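A, B, C and D are the chain letters, set down in written order, and residue numbers restart from 1 in every chain.
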Amino acid sequence: MSALVCCLLVLLILGFMIVTGLPLFGQSQAMDLLTGAWSPRNNLYGIAPMILGTLWISLLSVTISFPMSLGCAAYISVLGGHKKATVMKGCVQMMTGIPTIIYGFVGVFLLVPLIRETAGRGSGMCILSASLVLAVLIAPTMILFFIQSFDRVPRSWLDAVDALGGSRVQKLVYVVLPACVKGIVTGTVLSFGRALGDTLVALMIAGNAVQTPNSLLDSARTLTSHIALVSAADFESMEFKSIFLCGAVLYLITAVVILGARLIEKRGNHE
Amino acid sequence: MNRWGEKAVYALSVISCMMLFGSVATLLCYLLIKGLPALNLGLIFGSTPVGDALLLKRQVFDGIFPAMAGTLALILLAITIAVPLGLLAGIYMAEYSGRFTRNVFGFLFDLLSGIPSIVVGLFGFSAILFLHHHVSEALVPSLLVSALSLAFLVLPYIVKTTQMALETVPRQTRVTGLALGATKLQNIVFCLIPESFSTILGGIILAVGRCAEDTAVIMLTGAVASAGLPNSLFKGFEALPFYIYYISSQYADQAELNQGFGACIVLLLICATLFILAAIIQRKVKHTLLYRH
Amino acid sequence: MTPPKIKIESLDFYYNNHQILSNINETIPENAITSIIGPSGAGKSTFLSLFNRLWETTPGARVEGRVLARFHHSFMDINTPKFSVTQLRRAVGMVFQMPNPLPMSIFNNVAFPLKLAGIKEKEAVQNRVTAAIKACGLWPEVKDRLEKKATTLSGGQQQRLCMARALVMEPEILLLDEPTSSLDPRSGAMIEELMVDLKQRCTLIMVSHQPDQVEKIADHIIDFTPGPES
Amino acid sequence: MIKRAMVAMITLCTALLVTLPVHANDLDRFAGLSGDLKIAGGTAHIPVVKEAAKRIMTLNPNIRITIAGGGSGAGIKQVGEGLIDIGNSGRRPSSKEIGTYGLALHKWAIDGVAVVVNPANAVTALTKDQLGRIFSGEITNWKELGGNDRGINLYTRDESSGTRSVFWKKALNKGDIALSANFVVSNGAMKTAVANDPSAIGYMSAGFVDQRLTPVVLDGVTPDAASIRNGSYKVARGLFSNTRGEASGLSRQFIDFLLSDQGQAIVKEKGFIPVK
């Protein structure tokens, strides 16, 4: 029963986003909104800059986070000693509990000035800063996901490598990684979803300019921060209604990400 | 693979560990250095005497006491709403659903847990706007709306934890109760839930942590910069993470900024405590709790 | 040979599309130990699970044919839907290969089936639990520590506790799935003695891999070793 | 028993005497009142409103005042929809807004919109023309204005901001603001952002200016209390508290308090210009 209610709620949200976003489609074509520029004064409510900002930031953060997480997971699961690995795994688990707002807060006061001074231009509030903070934010989840998939490698395979005199690195490269490709891809895809959905870090650090970003040091606005910024606005304006389109886009991207992750997992199970 | 290649792989993995742990350690140290000096009773209660504040005789203006109380009220409410629903749905998913429903609902719950929290907040906000327009003028963004939205946010998490906990009960334990003549319901209540109780409880505590830290949902559904102690479900409220967000963007002077750092440490402590609690419970607590006569 | 307690008539068992048992016809005598023997994978445990319908918990399992049991005066097909599965399981006890005490005290473990059946009267519970523990010869060892966790007992004690738990409902039939195979020889011998004692009170059906055990205590043998014709 | 009662009375009286502020008379209007008052909207108003609320709630714990930001647009809209009791705006609501919602306007302070830069910046005076070219993105380096060789970082507010609309009309003459501008959500946030960024330029309530940033001399006029009061600094506006229909109950008392001597003293203390 309650499961049914929950599921209805999920569909309700999507329906709500679309219905509320509909007036926008009346004014101009959907494609224009998705690909157009944002300039409320000229009656332009395109959310393309935000979509691009979102993609830049989440892709970059995953790109930074992926190698770091893979390295950490490899160390904890395979390369490191048992004792050290246990402690480190505990720490990583603890990290998942650090509130997002704290990453944002420290990012604003520590990283932003650092980036500004190092880069020598821009305000420091930019795609790069936001991506760096997000990379650290999503790493623990990604690591835990990788470790989980590493640990599913059958014990007997690892014993076989040990018995043949293989080193830990060889065990990692020849047995564990090939066996876990699917797990790694799934974990990365899900982390991408997490980076995509984060609001606070981008809102506090990315600068929120409504422009199509050209460089890593450009200020940018994500779909999520756009919602946070505009939701305080006049709620019958077209501006306000555009955030429902943002919501719907986020929703759809999330759905695709999760569907993708599930498909990959499913295919893994059949083999 | 030659010796050097091996060394390189090993070194890279050590470097990644150092990068991650280094940055998190830097973050924490920075926070501690900046925030520890601010960590005193004044941070929490401002200039109001502690006793008076706790007995609710006087309001606290310059402290984070109202924000802490708001966060507490928010957590309690959200969890009270989410846990019964989540448990029931989880039990349904694990024990009663057919193959098809399990797949479909499973996907929907995954989807729900993946929805960005700001979208959940936006939904809560627009839903209450809608009700405000069409049902009653008295309905405005408030503590209750935030709690409902948050409950919605953690619901899939509780459902999944419950479901997984029940599904991973070993077959042997699963049939023990049945072999002794338990009905399906008895088996769930007396055998399966106690067996997986610690996992479920751990999951709930993590959900509490999620409620404590969330900012995106509450900033759209009722958190305000200044409201005093929460005293009604239908009014705005203060919350710790929102306070930190507010301070970060518009502190008036150094003292207020220091308070922001202090508040960060308080929030971090709260979350860490919850987290450690969850870990201890999942590992240590055996399932005695439900067997007391 | 004692009169029959259970009759199995042209029984087939399927797991999804895979046939595990085909055309089984057997009779199980009352107040005797029936031993099921045969190589691994021959379906012995599946066969055992027919008598308390525990197979129903396995998705994809399906039975054709009849299993008739005589609980009062006449034989009834226990697979008909109108036969309550919980009633059946309360009348048919089961002991597993691995001792499986539940995570609660010794006393509560044995009292658990009573709780499930809704028997709450304190004195009755006390008496029946004590009797069951005594019947399994466990009383001297645990009488002072009934509130201790069942998992603190040794493996042999745990297995006897599980038997006590199965006996507390005074079942007419007791199923045992290799009850001694995970125990040391001495504990195993105690269980064997216990089984022989129990013959007066119920009908025992046991899966066993140990030929000497079968030889020693079984009154009737059902052999699942595939014949040359199959 | 009587003795104990007397002791209690005396203690209470002493406590009251100690806690009562000097201008107790202006706060008297709240005696015996209770209930909730929801205020939101313009962020320039927050320091004054917060201080007033603190004094009122200290004296009368039965009154609860919640304060939120959101910007002038949100303030007007929300009070019009009945979501809040008082909607603040840093600009005069448009006649359309007043008509649609039947707003009653209460102006209780005058405030300038100051252009601000970081104290580290050598450029401290600009002409309106230069300002327009900076904000439209035409001038991108402080070097062009006689400052250090650093890129200019623009900071602006969202559409809902009253400060933005006043600045845009009166300082930029409705000129464009470059897309590359960073967005901040309130006057407080603008202050923080500019104070932390050496290459920043932004605009905000003159009442918020303190030693952490430098107000830019615009066309030869420094935005300070005197120049704003006498009208020589042109980029100025009133701070309004709006109610739907004529203010009544707590809202009335609150607005009256802002306009009282003590209220106006707070206005002055927080850096704004009293209307009385």
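What to note about this one:
Criterion: a contact is a pair of C-beta atoms (placed from the backbone, for glycine too) under 8 Å apart; a residue touches a chain by one contact, two chains touch by 3 or more.
Since this is a predicted model, take the numbers as computed values, not measurements.
Most remote chain with respect to subunit A, judged by CA-atom centres, is C.
Chain B has the Cα centre that lies closest to the mean of all protein Cα atoms in view. With centres defined as mean CA coordinates, subunit C is found 54 Å away from subunit A.
Centroids built from CA atoms put subunit C at 46 Å from subunit B. Taking each chain's centre as the mean of its C-alpha atoms, subunit C lies 81 Å from subunit D. Rounded to whole angstrom units, the spacing between the C-alpha centres of subunit A and subunit D is 37. In subunit B, the residues that touch at least two other chains are 248-249. Shown for subunit A are the residues that touch two or more other chains, namely 235.
Shared interface positions of subunit D, i.e. residues touching 2 or more other chains, are given as 69, 81, 184-185, 193.
Shown are all chain pairs that touch, namely A-B, A-D, B-C, B-D. The touching residues of subunit B, when paired with subunit C in their complex, are 172-183, 186, 190-191, 194-195, 286-288, 291.
Within the complex, the subunit C residues that touch subunit B are 52, 54, 57, 86-91, 93-94, 96, 98, 100, 102-105, 108, 112-113, 115-117, 165-166, 169. Of all residues in subunit A, those touching subunit B in their complex are 1-3, 5-7, 9-11, 13, 16-17, 20, 67-72, 74-76, 79, 88, 90-91, 93-95, 97-106, 108-110, 136, 139, 143, 167-170, 172-173, 190, 193, 196-200, 204, 224, 227-228, 231, 235, 243-244, 247, 250-251, 254-255, 257-259, 262. Only residues 57-59, 61, 132-133, 137, 140-141, 224-228, 231-232, 235-236, 248-252 of subunit B touch subunit D when the two sit together in their complex.
Subunit D meets subunit B in the complex at residues 36, 38, 40, 43, 46-47, 50, 53-54, 57-58, 61, 64-69, 81-84, 184-189, 191-193.
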